[in-house]
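Residue numbering begins at 1 within each chain, and the chains themselves are lettered A, B, C and D in the order written.
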Amino acid sequence: MNQLDTLLLISLITALISGLGRRHQLIGWATAILLTVQFLALLSISSLGYGGTVIESAVNLTILGQPLSWRFDGLSWFFALITIGAAMASSFFAAGIWAKKYKKHGGNPGLLQFAMSLNVFTMLVLLASGDLLSLFIGWELVSWASLLLMVLAGGIATQWGLRYIVYATAGAMSILAGIGIIYHLTGSFAYADLAAAASTFSTTHVVVLSLLFIAGFGVKMGLLPFHLWQAGAYAETPGPGSAFLGAISSRMGLYAMLIVVFQLIGLGKMIAVEIPFTFLSLRDLLMWVAAFTIIFPTYTALRQNDARYLLAWHGIGQGGYMMMGLLLLDPVGSAGGLLHVFNYATNQAALFLAITAVVYRTHTADLNRLGGLVNRMPLTFLVLLVGIIGLAGIPPMNGFVSKWLIYRSLIIEGMPLLFVATVIGTLGTILSVYKLIHNTFLGQLRLEHEHIREVPWSMLAPMLVVATIIFITGFMPGLVLDWVASAQAALGFTPLAYTLGGVETARGSLDMIWLCGVLFGGFGVGALLFYGGGNKAKRVHQLDNYAGGHFLTADTRYHYSNNFYAGLMHHIGGWYRGTFKWLESSLISIVSLLSGLTQILFHSYHPALFLLITATLSLYFFIG
Amino acid sequence: MNNIAFTVALPLLAAFLLPIISNSSKSAARFIGPFVLLAMLGFSLAYFNMLEHPVAIALGGFRPPLGITFHLDNLSLLMASIIPLIMLVLWPYANIEGYREESLLLLLAGSASGLALSGDLFNIYVFYELLSVASFGLAAANRTGAAFAATFRYLVMSGLGTVLALTGIGLIYTQTGTLNLAHIGLLASQLNNPAGLSAFALIVIGIGVKAEIFPVNGWVPEVYSTASPRISALLAGLISKLAVLVIVRLLVVAYQGPEALTLLLVLGMLGIIWGELSAWRSKDLKRMLSFSSIGQLGMVLVAFSIPGEAGMVAGIAMMLHHLVVKPGLFMLTEHWNGSLNKLAGAAKSSPLAAVLFMLFALSLIGVPPFPGFWAKLLLVTGLVEANTPLYLTALAVLLSATVIEAHYLMHTAIRMYSKGKKKQVKKLHQTPFTLTIISVFAVVLITALITMAPLGNKLQHIAAESSDRALYINTTFAARHTPVRKQISLIKQQSKVQ
Amino acid sequence: MRNVSALVFASGLAFLLLVITWQFVVGGAPMLIGEAILQQGADKIGSANLVTSVVLGYRGIDTLGEIAILFTASTATSLVLSSLSAKTSSSKKVVIRDDGTILASSASLFFPLLITLGMYIILHGHLTPGGGFQGGVILAAAFFLPLLAVPGRGVNHSGLALVEGFAGASFIIIGIIALFQGNAFLQPFFGHGEMGSLVSAGTLPLLYTAVGLKVGAELSGLLANLAEIGEIVPESTDLQASSMQTESNGS
Amino acid sequence: MTTDLIHWLLYGGAMGLIVIGIVGVVTLNNIFRIVLALAIAEAGANLLLVIAGYRFDAIAPILTGSSANQLMVDPVPQAMVLTSIVIGVGIQALALALVVKVYQNYKTLDIGEIHQQLSTDIDNSSGVISLLSSEQPAGERPLPEPSAQHETAQLNQGGDK
């Protein structure tokens, strides 16, 4: 029984306790505290985050002649840290006042807590997997546990959940096929055997395996043709659940892909695989998939009028950045990809929690029906502001660091077109997060929101903590780069040379401490000028406005939020999203058509004819 | 005293005497059925424990190729123990109207154990017919017009099937001059020609009517929708597996060539496609389960078509898994029935049943760590190991079918959990034990999940034993209880077991 | 369309089956076990009729299965038909139609003859062609003849049940006695006797008697059940009742 | 020549009966005739079994004083056929009982009409309009309507209505 087993056991106990006691009033706090204990248990093996050696679990099983093992390395630890951290923030957020109101409206906060702790447990099992079989088991557990979280809101959420599980099962089957082929080639499910045998695989095998695994794991990441399920499934989950799912759930796909495709099969081989009739290698193709995963969902996010959907669509796009960074295969790019996992998780958690706080007060996430909340909920505004700066990748927040690393690497590796693509994606991000903050917090306050207050501290505290983390890790990215480097080492990449404030390479360096110093220095000078140079500002009531000589009352809408970016969207259009929907529905139409045919066969009133035909054909098969 | 014959003789005896007993004392008649089943269970379990290596028992005391033998290995004894177990669970304790249904159930039990144990081709045919006739009676026991019509169509299909099977047996006898499976195995080289393979095809299609093999399974949705859930559970769970077992025995002893396997593979693959697609399209619970049963049996067939031990272990695992899960699911239709659209709110009205449905559905889809996953894993690795384009196609079919399966099962589950109008869910007139019975299957499933490691070892042992052709032949020819040990000069070929 | 494809495939099937059988030689089948039984069957069982040794000796359990099938069919038939007889018994016209004196009297004349013939064939099953099945069918005919002559006359079902129950049970019990003697199930005992005499071939005559009675009772029951349906023109009340039953049971 | 003829007659007869029976079951519409066709097919299979045990110039396998060393036909197929005939009788009796009941319930002997009524019965009892209608099936596509998003937004987030 070592520390890893302790961690997994505590996690299991958390899930069990919150499952059994899900009707109890205090279960929210109990779960949150138990998650904290898990966090501490994780910290007790924090040596993994600083280049420590792999910890093997003492639990070993042999089922049907197949050994199952579990272990933790730097990469697992890095992902586990984000997982438990996100769960803690969401759980604390959901445990207090929020739960009471949720319950009053027919929700079951205990069930939500249970679903989250179950998700944490299954994710830890996945992260700890020590061979392909335990990886698959963990993968499926995560898939089905997140289904629970997705459908527990009922109503439309169940339909999104169903859609998710169909995609997830398809992905899982693709993975199972891949694992089966590996078993055939190597005779075992062990990582070591695969790594040893991978060099002998033929090109065909490499291509088939990579495609199977990337498609399978890509489903959960929301890689491009498989992304349709994600936004709705995440957005319709009750608020804290969305925050948790958005922060980490789809990164499990990235983790598994890193282990199997990058580390074991070896992505390096894919550079050598040329795609016929093009100038692209298999890796280039994947990079373009990643690039389109950045662009399309981000511009789809721009169209959303529901804050939760807007954020969830971003989740898909940001996954593209991580994929892009890791596909670059160099220290800088892969560090950027991994760092972005952490950064994005913090941003998304902060944003979803902030939006949930807004919904808590206003009862709507509709961006057309909000506005001007900045005076009413200033701290929530601050958290949202920090979050969107991070998400858009603007200094001084942490999102900037990871994106900078990815851009830098793209330039170093000489991929200008992809660089342009990512910049286009970032442009979309900035536009859409501006829509988010503008439509919720800026502009004209609606009459019905006149009397709302800031959310209670039980909700504010987790949000503020997350926002602080965003700022600190933006200010001193070296804190996280420590862990990233050991994760890189665990993956077999060359670790990035980093400093506390950023990176220090021969071909470019970044020091966030210096940058932030300049930035805040600039702000300070500005403030000095503003306040010192005769502050003429006058506070007026938010509704105290007039335009064109007419006094405006609250019921006159002058705040431009309805159908935001209409002009821009008119130029872009939504053709790309329609394409994927068309793909999906044509697949379903085919299944529907076929199943109609099969039903007609079973409906036939002369089954004896089929017997005759089968008998004749099979005799013909043997004789003819 | 070789008392394994009691597993066949006792239920038949009880069934014969039941009309007389029930004339004199109705209450005594009620206890006979369960008592006999318990006795059957005792006999087969006693053998199961004693058994170290397979044995064959010569009934009537005649030396094997001449007389009929019962072949006792782990597989047949396992089935022989499962038969009374499942019958005990599904026994209609509460709603017995007359002795006839009970009598038919006992006959079903007796013929089923005969089918599981028998090592003689024609004897298998006789027990198969007995099983069929008993199942016709049970399928019509509802006595509704629809049940009669469905049973009639079932009977015609099954009758045609047995004609084909009998033709197949006739062809085998014409070529080999023997009926004992082990002896046929010895002469297998004579059957490795178009005529021999055609005989196999005829038997597969004939027996396949009961094994729900595509496309001779048109009766399945009709009978399962009109018969009572217990009977559907029995037919889908137990009877279909016994029919598959016959095919497997034949496959092991005589038809190990690739052609026979290909036939099974193709039929199984089509069964998966057709069954799962139809289930996807169906609109009521019973028919959905019937079609899914067809798909599952297709998977079983695909598993057995994998050559060697890998196929055997995958097939047995799939078979046992379906044996536990499908009866449980069919028993749920005693709880709710009817259109899937009207299932909304079902989970609220009976939460335990909904949880059990989820459990069975997850295992059926093959979600780890449920037993269904391990069965499916064995199937996948087996198919990949076989590594021919056809087997890989079967793998693709299997995996796509799983997606479709997940879709319709989860859609149904989600409908159950969604909010619905209160009066929409019709609760059927149900016997008090329904939920208990379903829970029994669930407990078995969970026990299997917990004891997966030892269970897997046992499974591999069983598979190794039952896929060993030479062992089967040797066992039979060393049959016990052959007091007369005269040399039979005519049987020259048996001297060398291949 | 259906007929055309049926004919096409059926001619294909016929062709293929003939192709298979073309390679067989009539009268040249291997007969491995058949030959062995012909050689040693007489010594081992002592029955002059070797088919009987196969039916009751070598393949005794087949025969057990077979009478069980008859029993099952009869039970299932009465189960299927019972709803009707239960419902119409009250409304059924209990008119015993007499189809003529000649028929009736010849039926009663033939009754003892048929019984005797049937019993003869059953009891000599181990010596001459015939046996339990053939004799049993004649017995059933003996009981069915009066039903044909005088339709509507009742049949003593409980008596039939008694006979078929005990006959079937005695078959199994004889088999079990063999077990208790330390032999195999259904192994003939009692010694061979002198071949060709009535009391010979061990338990085979007893088994055949049981089979004969069972088959006779079974078939009589089946025929009586079918005969008791009467005119199969559906009565309107019956239809309504059954369709109502369909609704209540099916939903 | 004669052997060939006998061969064709016997095997052709057996296989012919089987195929005729099957064709009968497939093409006939009257369910009573279907039962008869089934019986014909069974007869074909039985004939095949009997042929399997036939040999030329042999006597029935009954030991009498004069038959001591004469060639005998195979007794095993004869026993098998005996069994299978009896099985056939049982099945036919049950089939006839079912025919009677089906006729009483559906007032027709036409297999097509019976099938139609059966399907209607099953559909009615399960409350489904028709198997082949376009009603929502088990695996129907779960595409949420975009317009519904906002209404549920409030519910899920614990907001007031």
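By definition in this document, a residue touches a chain if its C-beta (ideal position, glycine included) is under 8 Å from a C-beta of that chain, and two chains touch if they have at least 3 such contacts.
Remember, it's a predicted structure, so these values are computed and weren't measured experimentally.
Of the two chain pairs examined here, A-D and A-B, the one linked by more C-beta pairs in contact is A-B. Compare each chain's C-alpha centroid with the centroid of every protein C-alpha atom shown, and the nearest one belongs to B. If you average the CA atoms of chain A and of chain D, the two centres end up 56 Å from each other. Centre-to-centre, using mean CA coordinates, chain A is 46 Å away from chain B. One inter-chain figure worth recording: chain B and chain C are separated by 28 Å, centre to centre, where each centre is the mean of the chain's CA atoms. Distance between chain centres (mean CA atoms), chain A to chain C: 73 Å.
Listed for chain D are residues 18, 22-23, 25-26, 51-52, 74, 76-77, 80, 83, 87, 90-91, 94, 98, 101, 105, 115, 121-122, 125-127, 131, 137, 139, 142, each touching two or more other chains. Residues of chain B in contact with two or more other chains: 122, 126, 129, 133, 136-137, 140, 144-146, 148, 153, 156, 160, 167, 171, 173-174, 177, 179, 194, 198, 226, 280-282, 337-338, 404, 407, 411, 426.
Along chain C, residues 2, 6, 10, 13, 16-17, 19-21, 24, 29, 31, 33-35, 37, 58-59, 62, 65-66, 69, 72-73, 76, 80, 83, 242-243, 246, 249-251 each make contact with two or more other chains. In terms of which chains touch, the assembly is arranged so that all chains touch all other chains.
Note for the complex: chain A touches chain D at residues 98, 101-102, 104-107, 153-157, 159-160, 162-163, 166, 232, 236-239, 306, 308-309, 356, 359-360, 362-366, 585, 588, 591, 595-596, 599-600, 603, 605-606, 608-609, 611-612, 615. Remark: chain A residues 61-65, 133, 136-137, 140-141, 144, 147, 151, 154-155, 158-159, 161-162, 165-166, 169-170, 173-174, 176-177, 179-181, 183-184, 591-592, 594-596, 598-599, 601-602, 604, 607-608, 610-611, 613-615, 618-619, 621-623 touch chain B in the complex. Contacts from chain C toward chain A in the complex involve residues 2, 5-6, 9-10, 12-13, 16-17, 19-20. Contact residues on chain D toward chain C in their complex (touch as defined above): 3, 6-7, 10-12, 14-16, 18-19, 22-23, 26-27, 51-56, 58, 60-65, 72, 74-80, 82-83, 85-87, 89-91, 93-94, 96-98, 100-101, 103-105, 107, 121-122, 124-127.
Per the touch definition, chain D reaches chain B in the complex via residues 18, 21-22, 25, 31, 34-35, 38, 41-42, 44-46, 48-49, 51-52, 74, 76-77, 80, 83-84, 87, 90-91, 94-95, 98-99, 101-102, 105-106, 114-115, 117-118, 121-122, 125-128, 131, 135-140, 142.
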